[in-house]
C-alpha cells in the first residue's frame, strides 16, 4: 500500500477558511455533506475533519500525522507536538484571536486577584485553572458549553473567553480585565511522523505552499516603465525589503520595473511612483508568493 | 417590583421547536439575533436562553425557576429538580431520543462487557461513567466535543451517542450494542420555586397550555351528520376514549356528531363512517385540546 | 410477507403538489434527495417516483399497481388501465391543462389542414400522429426534447404543446389554431390489481381521501346564529346544494346554522347573510370534506 | 363596458401585508414583477400600486375611486376624502405608528419651542410646517429623502420621523420630545365615488370583509362541553361581550358551549374553564369573524 | 486631534457599487446593518452614507468635505461645489444615465411644447421646472415619490425620468420625446475643503486611485514573444495609444512584448497577433492601471 | 443586412458552463428568463438556446450554422456535420463523460451478450440499437424520459446511461458491464456554412478564443529571478513543453524567468525551483493562453 499522510482539518468555524486556503495552495479538498473524511486530490494525503479543540490530542497520540489547530487548544491539552509553522488566519479575518478574562461592566472586579472565591465559566478549563493556580488565586472554573459571554452575572461571576474584536463582549456589557493568551492557527505534526522522511517532506511542502498562498493574499504585483534618469527616484519610493526586478527594454533609455507590494501600501505608493516619473503603472493579482 | 418567573429556554437544536410550541400555547417569545434574553409577551415571565446541557444545573441552583431540557441532561448532572411534565418533542419530530452504545459495524464487540480496557468517546461523560461502573467494566470515557459518531475506530473504540432514527450511526458504519437511556423533553422546576404559590401556579398554567398545544398537533376535529337510525353504527366506529358530542338538530330524525380524533387514524375511520351512514363529514384543524 | 400496493408518484413538476396532496389526505411521503423510492407512513403501500410520461406504461404492465398521471400520457401510450378517479390539480394551480396546435402569430396557417406537408414538433408524438392521420393530413411529427414553444418558425412549422394559461405561447408569439385535448391528473390502476380485493380496497380508500382533501382546499366551514324568525331568509341566501345543518340552541328563539361553502363565494354570501339577520358569523378552515 | 372600482394598493412597505389581508378577506391579488397594475380575481375591481404618500392625492382627484393609506399621509396632503374604515395593521405588526419630534440624546432641547431658528428634517414637510406654525415657532423644515434618523446633529438639528417601537431612534441616539400624531391605515374613498351606488356598495363589501378577516387574526373559536349544573360557572369565566352559543345535546344533562375569544386571553381563560367544570375544551382557528 | 476628511458615500442603489470600487482602489469600507457611519481602513477619512439626492447640498454647506453623487443631483440642487473627477459607473453597468421627457406611446405629444398646461411627474422637480421655464412652456411639475414611469396616463400626462437602457420605459409603454440631460457619477468637493492642503491632497489621491481601479475594470494585460523579424508586424496590430513595452530576451533573436488592451478588443486582436507571428500569447487580469 | 452566424448554445445542464466559457473567451451572452434567443455583444452572431440532444440535427439541416453539443448526440443523430474542435468541459467538471451499459449489482449479467431478449432503457435509443445490432444481440431498447438509473430491476433489465464519476450508478446499486462511448463537447458547423468565408472565419475565431480561455482555466503564469549560474538547474525543473521566456535584467548576473505551468503541477514544481536557486517566485492567474 502506498504511503499516506493522515491530516486533520479543523471542523467548524475554521473549516471553510482552511479548505479555501488549501485550494489556493494547490490542494482541492471536497467536503460533502455529512462525511468527516473529505476527499483530496493528492493520493499521498488522507484527510479527516476533527474539532480544533481535539486536534492536538489526536496529533499527539499519532491517530493523525499532522493537523491545523489554534495555539490555544495545543496549550489547553498540553499536547507534546511539533509546531511546524504559524498561519495567521481565522474565520473571518487574518488576525490573531485573544483569550481574555472578562467581568460585568458594572462589577467591582479590576484584576484577576479580585475573583478569589468566585466562579469562572469557560470552554478553556485546564488552561484557565493553571492560570489562576500559578497566581495562587482560588477560584471555581466551570466548563461552559457555549454562549459563555451571556452568563455573567446570573450564571457566573466572570468568564475566560475568546474574542477577535471584542464586539460580542461589549454587546453583553462585559469588561476585559486581563488578556491570558494570544492565539493563531498552527500547522502541527506528530513527533514520530516528523522523523519519518516521507511524512516530513510532505508536511514541509504543505507548509511552503500554504505560506506562499497566504502571502499572496496580502500582496500584489506592480509593473511600471521608467526612464533611466528617473530610476533612482522610483526605486527610492519602493520598500527596500523586496528588491524590485529591473529589466532592460529595447528602447535603451527606459527600463521596466517589476515588484511585489503589500496590498495596503498601494494607495500610498502609486501616487509617489507617478510623481517620481513612473508611467504605465499596472497592478496585477498574485496567487502565490515564495520569496 | 412585580413577581417574575425566571424561565430557561433551551438554546440550540431545540430552540426553534420550543419557541414554536410556546407560540401555539399562547406565549410569543422574540429571540433577536445575538441576545440571550428573548422578550416574551407576559410580564410575569423572564426568559433566558440556556444550553440544554446546562439547564438542569442552573434550575437546581435557583439561577432559574424553571426550564425545559432533556431527561438525559438532568441525569448527567444528577440534578435535584422537580419534574413537572414530559413534553415529547424534539428538533424535527415528536419522538423520544435514545442514547446508545455503538461500535464499528465490523468490530468484534457484541456487548458492553467486551469493551473492558477500551476508550469510549461521548458528550454524556458522567452518565456513561456511572453506567460502566455499575457493571464493573473498566473503560476510559473521554469527553467528545461533537462529531462523536465519526470517531471509531480511528479516534475511539466505541461511543455513547444520541440518536433519533439511527441514520447517522448507519451512515458512519456503526452498530448499536446497547440502549443506555430513552430521553424526552421535560419541564422542570426549582424545588423552592415549586413551593412558592405564585411561581407554582404559573408553572402549572404553562404545563396545561403546553400540553394542550401539543395534543392539538396530533389531533383534529371531525363533524358529521347522521340519521338517528344509524347513530349506533357511527358511534361504534369512533374510538371509545373521547366520547363524541351528539347534538340535536332541527330535523328531529338527524343528529350532529362532533369528535376529536388522532390525525393518523382519520384515513382509516372516515371510510368506515361513510359506510356506516355518516354524511357531510368534515375535518377541521385544532389549535388546542384540553380534555 | 405482508401485502403491498405498488404506487407510482409522478416525478418532476407534479411531484411536490402530489406529495402535498397526499399529506393533506393523511399519508406522509418522504422523498429524500436522490432516492426514487420515497418512504410512506403506511406499511401497506410501497412508493416509486416515475415520470408522468411513463406511468401509464408501467401501470399497464403491472410493474406498478396504481399511479397518478395525466390523461394526456395515458392516451399517448394507449395504455389499457382502470381510471379510478380524476384529480384536477397541476403544478401551480387546480385547473385542467390543454394540448394545443400552435403556429407563429404571423403565419398564414388557420386550421390543421393548412399544415399538410409541414413539420410538427411535440413531446406527444403518437397522439399527434393519430390526430393528423384521422383527418388525413400528411405531416412530419418530430419528437421535441423540450422548449418546444420556441421552435417555430426556425426549427419547426407548428407545434403540439401543453399549456395552462397560454402565457408561454404568447410570449413566444404563437397562435393557437386548435385544441387537441384537455387533460387532468388521474388515479389509475392496473386491471388485475383492480380485481384483487386487498388492492382495490386500498385504492378506493386513497381515492376517497384524496378527493376529500382536494374538496377541502376550495371549501370552508361557516357558522352563524340566527333568530328563528329570520331562518328562512338566511337559508335562502345559502346554496341549495349542501343542505346546512340547523341545530337547536338553549335559547329556544335562536338556532345555529353550520354549513360548507365554496371559498370564492364567501365574499358575496357573508354580506347577504348579515343583511338577512345572521349574527356571530365565523368562517373556519377545513382539512377534509366528504359529503 | 362593465363597471369597475379603481382601487389603490399601497406600494412598498405595506404592500405585502395588504395583499395578504385581501387574500384572507377573499380577494386574490397577483402582483408580478415590475407591473404596477396587479390583477385581481374580481372583474369589478381594477388595482393599481401607488405609494402610500401619494394615495390620498389621487383618491381626492378621482384618479382612483378608493385606496388604502395611512392617516399621516391623508393629513400631509390635506386631502378631502371619505374615510371609510380604519384597519390597524402595518408592515410587521398590527399596532399604530407614531410621528415624533426627536433630537440628539445629549442635546439641550427639551420641547418644540427650544428649536426656534433650527433646521428640522422630515419626510412629512407640510404637516410639520403646520405643527410649528400653529405654535408660532419659527423653524426651517427640510425635505428628507430618507434615513432621516441619522441626520442629527451633523445634517439637521432635529427630525420629525415615524416610529413603531422607537428602536431605530434609540439606535441612532435620538430622544423623543413630542408626539405629533398617531397614525393607522385607512380605507378611503373619493367623495363622488362614495355617492355612486355601485361603487359605494363595492367599497362597503370590501370594508366588511377586510374587517372580518382582520378580526379573525386575533380571535379564535373555542368549544367545550359542560354539565348543566356547571353552566353558570363556566359562563361567568367567559367575557360578556360576545354572548356564547349554548346548544342542546342528546344527553340532556349536558350542553355544548361555542364561543369566540381574543387569542391573547386563551392562556388565562382555559385554566379557569377547566376549573369551572368545562371538559373536552378545543380551540380552533378562524378565518373570518363578522359579529 | 488628527485631521479627517469627511466623505459622503451614496446610500441606496449606488452604495454597493461604490463600496466595491473603493475596495478595488485600496480602501475597505465596512457598512454594517443599520449604521450610516461605515468604518473605513484609513484613519484620515470619516465616511457617512448620504442619499445621492442630498449629497451635493451637504457638500456645499461643508457638512461633508467631499462626496460621490450624480451630476443630475448637483444640477437639481444648483449646488456650488468643486467637481473633481467624473467616474462613469452606475448600479449595474458602467454607462451614463439619461433624464428624459417621456409620454404614453399612443399619446399625441411629439415635443415638449405640446405639453403646455399639462401635469409632469418627476423626482427632479427643480431642474424640470427650469427646463420648461427656459422654453416658456407653462406646465405643472409634481413631485413623484417613485414608480414615476407607471403614472401616465392615469396619474400624470408626462414624466421626467431617469433611464439607462429604456427598458423600463418601454415596459410601461412610454415614448421618449426629449433628452434633458446625461448624467454620470462625480467626485465633488466643498470649495473651502478644496483649498485646504491636507484635504485637497487626500481627495486627489482618492481621485487617482479610483480612476486607476476603474480603468483596470475594462483593461487587461497581454504578454507575448515574437521573433525580431516579426516585431513590426506584431506592433502594427496593437493600438497606437498605449505604447507596448518591448524587452530583450536572452535569446537575442526574440523579444517579449507586454501591453495593455481594452478587454473588448482582445477577441479581435489575438487572432491577428497570432497571424503576425506572436507566440506564447497570454492574457492576465489587472487590478489597477495608471498610465 | 449584415451577415450573421447562427450559433446554437446548449440549453440545460451545459448552459451556464457554456455561457461562462464564452464570457472568458470574450463574448458576453445574456440569457434572460424565458427567452430562448439570448443576446450577445457581437453584431455578427445570433444565438439560440437549443437542447444538446437536438443540436446536431439542426446544425445538419442548416437551421443553425454552428453549435456546441456532445459527441454522444452527434452520433445518436448520425448527423453529417463538420467537427471544428473538441472542448472538454461539462456541467461541473472538465472531464469527459461515458455512456455505459449497467445492470443491477446482484444480477447475473456479466457482458452485453447476456442481455439477449431483455429490455434496455436509455435516452440514447438509436446509438444503443446500433450497438446491440452490430453484435447480433436481440434486445428491446425503450426510450426513457429520465431517471433511467432507477429503473432496473423493476422497470427494465439494464440501462445505457451517461456518467461522469459513477456515483449515481453506485447509489442505485448498478454495476457497469461495458463502456459504449466516451463523449465530450464539440464545436460543430454546418457543412455549407463551413465553406462560406465569413462564417468559417467567425467559427475559427470562436474556436481559437474558446480554446485560449479553456487553456487558461488550468494554467497559471510563474515568474522568478535566478542567478545565471543557477539558470540551468532551474530550467531543468520546468517542463520542456512550453519553453520559458528568459529575459535580461539590469543586474547582469541575474535573469528573470517567466513561464506557463499546468496549475496542478505548481505544488510539485515550486519547492524544486526554490531548491534549485529560484527566488522571488510569484504565481499569477491567466485569462487566456494561446501558444
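Per-chain residue numbering starts at 1, and chain names A, B, C, D, E and F are given in the order in which the chains are listed.
The rule is simple: a residue touches a chain if its C-beta (ideal position, glycine included) is under 8 Å from a C-beta of that chain, and two chains touch if they have at least 3 such contacts.
Given the structure is predicted, the values throughout are model-derived calculations rather than measurements.
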item: Length of the shortest touching-chain route, subunit B through to subunit F; value: 2
item: E-F, C-F or A-B - pair sharing over half of the A-F contact pairs; value: E-F
item: Chain whose Cα centroid lies at the greatest distance from that of subunit A; value: C
item: Chain whose average C-alpha position is farthest from subunit F's own; value: D
item: Averaged-CA centre spacing for the pair subunit F and subunit D, given as whole angstrom; value: 59
item: Approximate Å spacing (C-alpha centroids) for the pair subunit D, subunit E; value: 42
item: Separation of subunit A from subunit E, taking each centre as the mean of its C-alpha atoms, in whole Å; value: 38
item: Junction residues of subunit C, two or more chains touched; value: 247-248, 284-285
item: Contact pairs between chains, per stated definition; value: A-B, A-E, A-F, B-C, B-D, C-D, C-F, D-E, E-F
item: Interface residues, subunit B side, partner subunit C - complex; value: 220, 223, 225, 247-251, 256, 263-264, 266-267, 270-271, 274, 279-285
item: For the subunit A and subunit B complex, residues of the former touching the latter; value: 11-12, 34, 36-37, 48-51, 53-54, 58, 63, 144-147, 150, 154-155, 168, 171-172
item: Subunit D partner contacts - residues on subunit B that touch it in the complex; value: 25-27, 41, 204-205, 208-209, 212, 216, 221, 242, 245-248, 255, 258, 260, 284-291
